[in-house]
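Below, each structure is written out as structure tokens.
In the two complexes that follow, chain A is the common piece, with chain B as its partner first and chain C second.
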Partner chain A sequence: MKKLRKYAVIARVSLKNAVAYKASLFSRFVFYTVFIYVFVMLWRAIYKEGSVNGYSYAQLIWYLIFTEYIGFCCGTGIFSTMNEDVKSGAIAYLIGRPAHYVFYQFANSLGLLLLNLCACGLLAAVLGLVFAGPLPGFHISVLPPLLLSVALAVVINFFFLMLIGLSSFVMEDNGALFFIYQKLTFMLGMFLPVEFLPSWLQPVAKSLPFSYVYWAPSRLFVDYSPALFRALIPRQALWAAVSVVLVLLCYRGSVRRLQLNGG
Partner chain B sequence: MKKHLKIAACLFRLNLASALEYRSSFLTQAFGMALSNSSFIFFWWIAFQQLGGYIAGYSFQDVLFIWATTSSAFGLANVLFANAANVTKLIVSGELDAYLLQPCNVLVNVLCARTSLSAYGDLAYGFILMGLAYHDTAAAWLWFFVGVLLGSLLFSAVTLTAHTLSFYWGDASMIGQLTTEFVINFSIYPDKIYGPAVRALMYSLLPIGLAIHVPLRLFRAFSPLTALAALGASLLYCVLAGVFFSRGLRRYESGNIMATRL
Partner chain C sequence: MKAIETKDLGKTYRARVKAEGLAASFRALVRPQWISVDAVRGISLNVEQGEMLAFIGPNGAGKSTFIKMLCGILYPTAGELSVLGLSPARERRKLAMRIGTVFGQKSQLWLHLPAVDSFTLLAAIYEIDNAECRRRVAELTELFGLGEFLHTPVRKLSLGQRIRCEVAASLLHEPELLFLDEPTIGLDVVVKQAIRELIARRNREHGTTVFLTSHDPADIEQLCRRAVVIDHGGIVLDASVERLKSDYLGKKLIDVRFGTPQRIPALPGVTVSSESGGQKATLTVDTAVRPIGDVMERLSMTGNVLDITINNPPMEDIIAAIFQKEAVR
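Up next, the complex of A and B:
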């Protein structure tokens, strides 16, 4: 309990920091709105040409608003922070603190994550109502399971990015790994629902962790059913656990390789 | 003019030599950018697989054309003039002083001072895409080259104009980023997906449509009048961007910062 309290303090300080930078929050709002506007215009044009299998227009717009919402929530810059810590040697100061480095970073990003979740959530709801109207079949009782799915998505994304950040212990330039991860998550859920992919690719996408960052929570949001919840949440939980364990193992191995010079 | 071109060529050589000094970083970033662009083509491939035919009047081939032109134009702009996106920082921090003291044109010196490693990936990606989609269509290649040249000038001019506002309003970095976001989004999607007001914007204040969508139309059906109008308007916009920067420069106050350009 005492251990948890110190991480709660770190999270509280990070929340205060995040709130202090109002201009940064405002600029994220503007960019989010621009992205949504462009996507809405595009999909409006696509739906004019014909219907898209499995999703109504309102469902698809809400789906995209939700994937972009998760994307903006996840925007904590953990990959560049990790890279910078390792390459600059700042990690030497952080691992000496009375907190586990991995959980320190998570708690330190939690403030921004929470702020994004709340503030961007309101904006996402407003944009969805403006561009697509109410989501058919949505009920407020869906919110708790949905929040669980979003939380698991954020954990999967955060720890996989941390894992790529940790690779800077062994790779001089790990930018390509970040690009590959980012594009896989974009292609397997963010820009398009997995159901739109060719039939041979769908099972592949569903067996990889990338779809569980954007597709799983967004699919639950637009088409919630208890059966879907039971199918998706265990897989998300599994990938979340795998990502945390992998980060802890890699961190332990990486710290052993760490060489510090100077005083 | 000859002197300016000589300075630009010299700065390009220096930037390229500096980029090649970190070869693995250079190749990784260029490859990463090409990969990033491919994910959008994947998106379009899926969209056309679902519907077939046309989206907002554009076929899949047309989308590949605007993507190739945008990618290479944006890449060329950032290979040659990457510092346009850095103008706000130079003004706000007072680092512009270092450029003012050198015996050459300030605008050329500022614009050409930096290159972007990932931009080489963008530049190459457009050519790869054209090679795949239009390998045996000479006319498409001609309009692609026209679009890339005009587009690179317009991308830089629009970015410069947005950042020049820092001379008047203080830190305009957000306007600069937003403008870049707008011009990219105006370029990579069919222009007819947007309403009339946005379309007017993409052919006037942020006229990137002249370099991306007009060459596609000219490739489909050539019209000398349209070609001349697009060329004239694009060049006029670039000249006005330069004049706007020079006017703004008169309002610049030195930051008394000690800076060196290596």
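Up next, the complex of A and C:
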């Protein structure tokens, strides 16, 4: 019980720490609003009427707002945090404690994640209503399965970013890996729904983990059905499990090869 | 059981090397070149429980790498080690419950939160229950004088206040062994002295073993009885702090103040290092040539001595002398 309690306390303290960064939270709100506004204008110019690839204008705007919402929730900066910890040597404190480094970092990010989830969620709802009006067919009862999907998306994203972050234990410069991951998640769901990709690419995208960060929860949000839920959630759960296992295995291997120089 | 036992402990790592120039940079892209660096080479060391050991050496000597291997943060590439009867590499989390660390150039506190929040977090990590946490925080607050700033965000503390919090944080789980890696770096004389007294008191009252690295000779002289000097990853000397001073630099510094200006007569083995108007002087005495008592007697004969103090030379000079002597060998 004490072992679990430590991670709960880490999450609580990190939430307190996240609240201390009020200016940072506010600037993210501003950036999020501007970003949504620009893309709404873009889609407004593209859409005349009807639907594209099964998405109505309202659905697409809500899709965009939702993917960006997840993006902001996921934005804990774990990749840069890990890189910085290795470069500065601060990782010595974290590894040398009676807590698992991987779970420590996850718990440490939970505070900011939860804050973003709540605060940014309200802003996203307001922006959606302003720019697209109520989402057709949405019912409040969809929220629990949707939250599960978002939680799995957050886990997949966090642990894949951590996997890239772990490469800093053995690589001098791992920025390229992060760049590739960012672009893949952006193109396979964040910027456009997978249905907008060429038909040959869609099955490829659906077989990769990147689509399950943004596309799966956002698709569920704009077009929820129990059948879609049953199709997407197991795949998300699978990728979440794979990402966690990969991180744990890689951590075990890379911590042995960690180099820390100076002080 | 010894607190620390190492046998032929070594750590070698690969470092990338790049020659100068643009062409070399392109060549390095295709065929990177690596060299093998021996950060620690064959260190065998035993530290008794309750001992306060100074582990000293110049920058890049391998001190921090050695400490990080003892903490289980870095894995050795050669040799054996045991800390409090545990293998740091295999039983790191178990060992972490029993050791404390202060890396003077890094912080373990949350910058934007008060130190008390970091204490709460650390207490949870070390599986200390709430009541016990409150008791220990109260004890450390009193001991380290943290009351005034315990609830102030760490970023607003002075360096001295922050280091006091850092040391207190490392003691929260009452470790049996404390690794202090330059704990007084950047502090003023008064705060340094306060930190030293707190560490010494912890050792006296709780029998905490202290493994200290520092560039400040006063830390070593005032806290430790034994010193291990390392350079280029290997032990150069393992001796008592007193022996270190007497064997390697048999010199004493005498600061003397006279009531009226005096001319100090020339003596073999004595150099007058500084003089201000004849009323103050610093004499460097080579005790191998002339006994210190003899110099004191001569000084008192010159008349009107108001004050006199005898000091050991700074530790930097001692270390420099050791390296010079080893180079000659």
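Following the convention adopted for this analysis, the second predicted complex is superposed on the first by the 255 of 263 C-alpha atoms of A that agree within 3 Å, B and C clash if a C-alpha of one lies under 4 Å from a C-alpha of the other, contacts with A are read in each partner's own complex, and residues count from 1 in each chain.
Here is the rule we use: a residue touches a chain if its C-beta (ideal position, glycine included) is under 8 Å from a C-beta of that chain, and two chains touch if they have at least 3 such contacts.
Because the structure is a prediction, the values reported are computed rather than measured.
**Student:** If chain A is used to align the two complexes, do chain B and chain C fit next to each other or clash?
**Tutor:** Superposition check on chain A shows chain B and chain C fit without a clash.
**Student:** For the combined three-chain view, what is the angle at the C-alpha centre of chain A formed with the C-alpha centres of chain B and chain C, to the nearest 10°?
**Tutor:** Given the fit on chain A C-alpha atoms, the answer is 80 degrees.
**Student:** When the two structures are overlaid on chain A, which partner does A:227 contact: first (chain B), second (chain C), both, or neither?
**Tutor:** neither
**Student:** Quick one: classify A:98 as touching chain B (first), chain C (second), both or neither.
**Tutor:** In the superposed model, A:98 contacts chain C only, not chain B.
**Student:** Give one of first, second, both or neither to describe whether A:140 is in contact with chain B, with chain C, with both, or with none.
**Tutor:** neither
**Student:** On the A-aligned overlay, A:30 touches which partner chain: chain B = first, chain C = second, or both, or neither?
**Tutor:** Touch partner of A:30: chain B, not chain C.
**Student:** Quick check: superposed on A, how many Å separate the nearest Cα atoms of chain B and chain C?
**Tutor:** 6 Å.
**Student:** Touching chain B and also chain C: which chain A residues?
**Tutor:** 172
**Student:** Report the residues of chain B in contact with chain A in the complex, numbered from low to high.
**Tutor:** Counting only chain B, the residues touching chain A are 24-25, 28-29, 31-33, 35-36, 38-39, 42-43, 46-47, 49-51, 53-56, 174, 177-178, 181-182, 185, 189-190, 192-195, 198.
**Student:** Help me check something: in the complex, which residues belonging to chain C touch chain A?
**Tutor:** 13, 16, 64-65, 68, 71-75, 92-94, 96-97, 99, 101, 103-108, 110, 112-113, 117-118, 120-121, 124-127, 129, 153, 181-182
**Student:** What does chain A use to touch chain B in their complex?
**Tutor:** 23, 27, 30-31, 34, 38, 41-42, 44-46, 48-50, 52-53, 172-173, 175-176, 178-180, 182-183, 186-187, 191-192, 196-198
**Student:** Residues of chain A touching chain C in their complex?
**Tutor:** For chain A paired with chain C, touching residues are 2-3, 5-6, 8-10, 13, 16-17, 20-21, 88-93, 95-100, 104, 172, 255-260, 262-263.
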